[in-house]
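Each in structure tokens, the structures are laid out below.
Each of the next two complexes has subunit A plus one more chain, namely subunit B in the first and subunit C in the second.
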Partner chain A sequence: MTDGRAPEERRISPVIANRVLLTLLVAALLGAALLPFAAMAPNRLMSGQSVGVTTALLPWQWLSLAALAGVLALCALPRPFPARAARWVTLGAAPLWLLLVLYGLGDYATRALQDASSAARVSQGAAFWILVFCPVLMIVDAFQRLNIGLALRGLYTVGLGVVIGALFASGIFDALSIMREYANNRDTFTAEFLTHLRLVGLALGPALLVGLPLGLLARRRPTARGPLFGVLNFFQTIPSIALFALLVAPLSALGEALPWLKALGVGGIGAAPAIIALIMYSLLPVVRNTYAGFAGVPATTIEAARGMGMTSRQILWRVEVPLALPVILSGLRIVTVQAIGLTVVAALIGAGGLGAFIFQGLGQYAIDLVLLGAVPTIALAVVADFLLQILVVLSKPAGTR
Partner chain B sequence: MRVASLKRPAASRDRLLVALSVLLVLLVLFMEHLAPVFRTLFPELNNPVYRRESFLQLTLDHLLLVLVSSLISVSVGVGAGLFVTRRSGREFEPMVSALAAIGQTFPPAAVLAIVVPLAGFGFVPTIVALTLYGLLPVVQNTIAGLGTVPPTTLEAARGIGMTQSQILRRVELPMAMRVIIAGVRVSVIINIGTATIGATVGAQSLGTPIIAGLVGNNIAYVIQGAVLVGLLAIVSDLLFERLERRFTFGE
Partner chain C sequence: MIELQGLTKIYGDKAAVDDVSLRIDSGEFGVLIGPSGCGKSTTLRMINRLIPASRGRILLGDDDVTRLPAEQLRRRIGYAIQSIGLFPHWSVAENIAVVPGLLKWPKSRIAERVDELMALFHLDAGELRDKYPHQLSGGQAQRVGVARALAADPEVLLMDEPFGAVDPLTREVLQDELLRVHQHTRKTIVFVTHDMDEALKLASRIALLNAGRLVQYDRPIELLTRPADDFVRSFIGKADLGLKLLSRRWVHQYQQHATVQDASLAQTGYTWETDAEGRPICLHGGRLNAEDREQRTEVNQEWSATPGMTMKEALSRMVWFRVMVLPVLDDQGRLIGEVTMHGVMGQQPCA
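And now, the complex of A and B:
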């Protein structure tokens, strides 16, 4: 049994085959035992009464969870599963666990509110989050150990996403407080979500338009590089809320002085300072990665292209740009994720977006309204990161992926 | 995430650092004396200078938030980075790296908004949120920095009879220090920005006058808070840049 394994692996873990999985499992079980799974409150503003896992879930639900935990524990041991099989079993058991926890919370909320007043609210507790994150990390760990391709990972993730989406669509979560906040703000939510995306898009467009040539300039003119990066780094360093706020005063003065600008929507408060600040933040990663991408093209490759008789323009478009593309796209990935996060803060200067729910909720001490803004923002950032990561891989020349 | 290789002469950066630090200190101490300036700029405002708390107090509160959270982040983050690069913890390295990478896609403002209400509003919960977020770049850069030490160098150190702890203290850490400091720099700069937003969750900081100004439609308050926190961030960044230069070898 041990003969097949590398000598180093045998030295580290004679009893436990996967200490990462075991750690996650122990963390999940400790969290479930010690922390509240859900909270029930008389109304949306009061903090609720904590409910533990075994109270909130029906016996068949938490017994199934315990059984899945048992299977996962076996996956962490050298027996009975061989190493690869253990990882595939993990990839089967962990999502079942995740779905069961999600379903259990929604089911509890539905049952608990059946004979409660209409103002009563059920929210998720700390143990719920731990019981959700741990299986996700187990899946990540299994992926890393199996070392399987991006296509299969993507398919698996999308499949899991579809099932979770179907759970949402089935209305099982509708009794939860965060979903009740969503139901109350359905129209505004869609509008703010679209505003969020629009702000990000309106910032990224100009940032790319200006940043790509600047990056090329930094590559071609070494003397321009120092001052350029110095200024852009300066922008990045200024805290987001300060930069947003500092643009408010000059823009409102500008709007007052030039009425036609004001008619276009340029004023102290609103989208204009937000978009300008987002562009200023986005420039550094775009310019830096464009520069790094072009700097990474081997001089010998360019020499060869010139030797074949290509013109400078042909070399740029047929050699340099394709070879620099993956690095440039990783820059796009950084700025997209960054812009999604910074747009949250833009809500403070009246630009709207999902941050509006966050700060409105913080002002009212309505935590579930805060979550209605924060959870979709995080999801948006993670999804954008995932998609752009795929794009980066696809942009690499075949054979180097 | 930040560019450290600014090829300008170090002396001019140092002069900039000194000038901006002096400006920051003067503004923190004597903002009240600028009242006539703000009155001329914004004649419609009754109170052109924020006076509810002194700017010195706000700056100290801000620094305390950042210092406490950064100290915890750095010690835990470097510790975690060291653990996953030793033989006993190497199994955790891919998971910790993945966590640090995924965690950094979470917007700091969203993390603050989720963590702080869960732990109760105010100073300590804000520190918890700042610490959690600040950990990620430190862990990531500690792993990356230790990874840059060439295996041949480690082999040589072992060959001349150094013990594991000697190798760590005299070879690995000094060689990784520049990258680790770059991670601390990112962490501190993000925390200075997030501490500003902390004003919305009940932690007094330089963000307090900004929020008060935005809520009460007083642009002068907004400018005073924003200029100070912007200067604070830039001065800190320049300080770290200087520190990174001291740990650069062979260039």
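And now, the complex of A and C:
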């Protein structure tokens, strides 16, 4: 088959060049047409009245959105843009769409509440979330297809983050219900956010401290491998709420028995059981990836190192660790994201953290309070994932990158 | 000098290496050969103590190797293996510098040594110094592996089937280079292979092992002409024994005077035509059949020999061109003699 076209081009169906982009676009448009973009309620506890996209947004706003959708639709087709150009155009149009949706919502809230009672609330609807997530996924997809360097990706992401941050700082969202909740809970929010980070940190530190040597042990002693992974797998299968609950009784007994432990804050509820449970959940991925990382170092490389006269310690630090590091850090990435999510549940046993807002909101049926806990948790997980991904790439030795 | 005394390795109740004693003198190229599982690799790896010996002694010079700390011992012994085992996260220069680095040589001396070794192995330092192993060809990687083994100027070089994984063409080139480096450095080499042709080409001494026991330890020519028993005979292979022998004979041993521009064709049946500088242009005659006597054969790269060429190759060239004689040329391409089919057939190769 020598029809003169690049192999990648030949695979493309003649009608649609980028199925992912088109699917996302259709989903976004359907969502916008059928689902409420925002809701207006007389107070925070009552469910509001739904508002569609064309009602909520000013004509120039939704017409611009429609125009951007048109451009993106052209990007999904084989004509008029060549494949690479289409991806770059997507990288230009999708963030504009995202910012316009964000701005539109804030702008609508500001306008709608101008002559309403101070208890009235505007919150975001399903169509809003769809219109936010679709362009983000379009950007991710375009990056993947372009296969461009990490530096450029990072720069783009940080740039977009700064612009969104500036939107927040400008006060355009202040009228939104979730931001009102934030304003009401500003001090607690900062405290709980920091508690969340502290819980994650206090769990990951010991998990690494214990997990890395255990992973190495699993590599060095095949007999220890089976039982070790058996136990860790068992931890992983216990549902998180059950594990938190199971730890309450023994820890409270321990706290009673040893007053100095109680003085340190160890008791049936609070941070101690949460941290212990998080450590138990984090161990398996850390140990497994550490083991896999070390097992992936070619045996001949290690034999050569021994034959050259390296000591066991030199082999470990100069050969095995550098070659295993990317896999170990991938494990860290998994547990970090996992721990950020699990810490939410820890709020149930009084450990605090962003989960506190979620459960408080669920109790009061105040969805915006739930979101005040959920949205920052998601953002935290995404940011941590992104940063650790960069670390994984950087940790790859120059020769193997 | 390396001496093995009653070296034995027992796994379970089976002896993988059984009471092997041999001595490889300084500057010798010793080859351990034998079928798979004969214990040749195990023997090699006991020398640098990657495998501990069950019984027996190994002397490196005057030192018993078990008296030295293992790491110090290994830094005195170069080690090259089949899969090369280059460190994938280090550049070529960093790989070569490993042992000098472990020995804490000053940086400038290490850099000099790396350049020196890359030049010795015809590796372009400017191009390859900062390349990583995955960017090298198989032959280049293997050269780097051997250069790395030689980096700290070890007393002894151990090589475990180092050319087993490269294509035959590259293997040939690497063997020639190793011979050249051996002549240049006069290192004591212990080389493991299962390929008899490789052993015959490289070795000054061959140790043939079978089922853990040393069957015969001799110069290559003796192994071929005076095999100790039927196992040796069958391992060498009877089919091309004559050619194998010729692979240990050299053109200069068979070289005769060449007759130039002599009209008396009747006597030899052929004559050489040379230019003013004494470079041969062509040969008249020299064919098997008398009626081809007037046929000219152009002298060129393919149809000529050098004094250092093996007789096996010289014979092959004669056969290929169907000429009974082959010109021997010096460095300048001048005719210094000839080897003939009569000469090959008339001389006892075992002598």
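FYI, the second predicted complex is superposed on the first by the 388 of 401 C-alpha atoms of A that agree within 3 Å, B and C clash if a C-alpha of one lies under 4 Å from a C-alpha of the other, contacts with A are read in each partner's own complex, and residues count from 1 in each chain.
In the analysis below, contacts are C-beta pairs under 8 Å (C-beta built on N, C-alpha and C of every residue); 3 or more make two chains touch, one makes a residue touch a chain.
Computed from a predicted model, the values in this text were never measured in an experiment.
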Which superposed partner A:Ala398 touches (first subunit B, second subunit C, both, neither): second
Residues of subunit A touched, compared between subunit B and subunit C (which is higher): B
Which of subunit B and subunit C A:Thr311 touches, first, second, both or neither: second
Touching partner for A:Ile340 - first (subunit B), second (subunit C), both, neither: first
Which of subunit B and subunit C A:Thr301 touches, first, second, both or neither: second
Partner chain in contact with A:Ala242 - subunit B first, subunit C second, else both or neither: first
Partner chain in contact with A:Trp88 - subunit B first, subunit C second, else both or neither: neither
Contact residues common to both interfaces of subunit A (with subunit B and with subunit C): none
Footprint of subunit A on subunit B - complex, ascending: 1-3, 5-8, 87-88, 90-92, 94-95, 98-99, 102, 105-110, 113-114, 117-118, 121, 189, 192-194, 196-197, 200-201, 207, 210-211, 213-214, 219, 222-223, 225-227, 229-230, 233-234, 237
Complex contacts: residues of subunit C adjacent to subunit A: 48, 50, 70-75, 79, 81, 83-91, 98-99, 102, 132-134, 148, 158
Interfacial residue positions of subunit A with respect to subunit C in the complex: 298, 300-301, 303-311, 314, 319, 322-323, 397-400
Footprint of subunit B on subunit A - complex, ascending: 12-13, 18-20, 23, 126, 137, 140-141, 144, 225-227, 229-230, 232-234, 236-243, 245-246, 248-249, 252, 268, 284-285, 288, 334, 337, 340-342, 344-345, 348-349, 355, 358-359, 361-362, 365, 367, 370-371, 373-375, 377-378, 381-382, 385
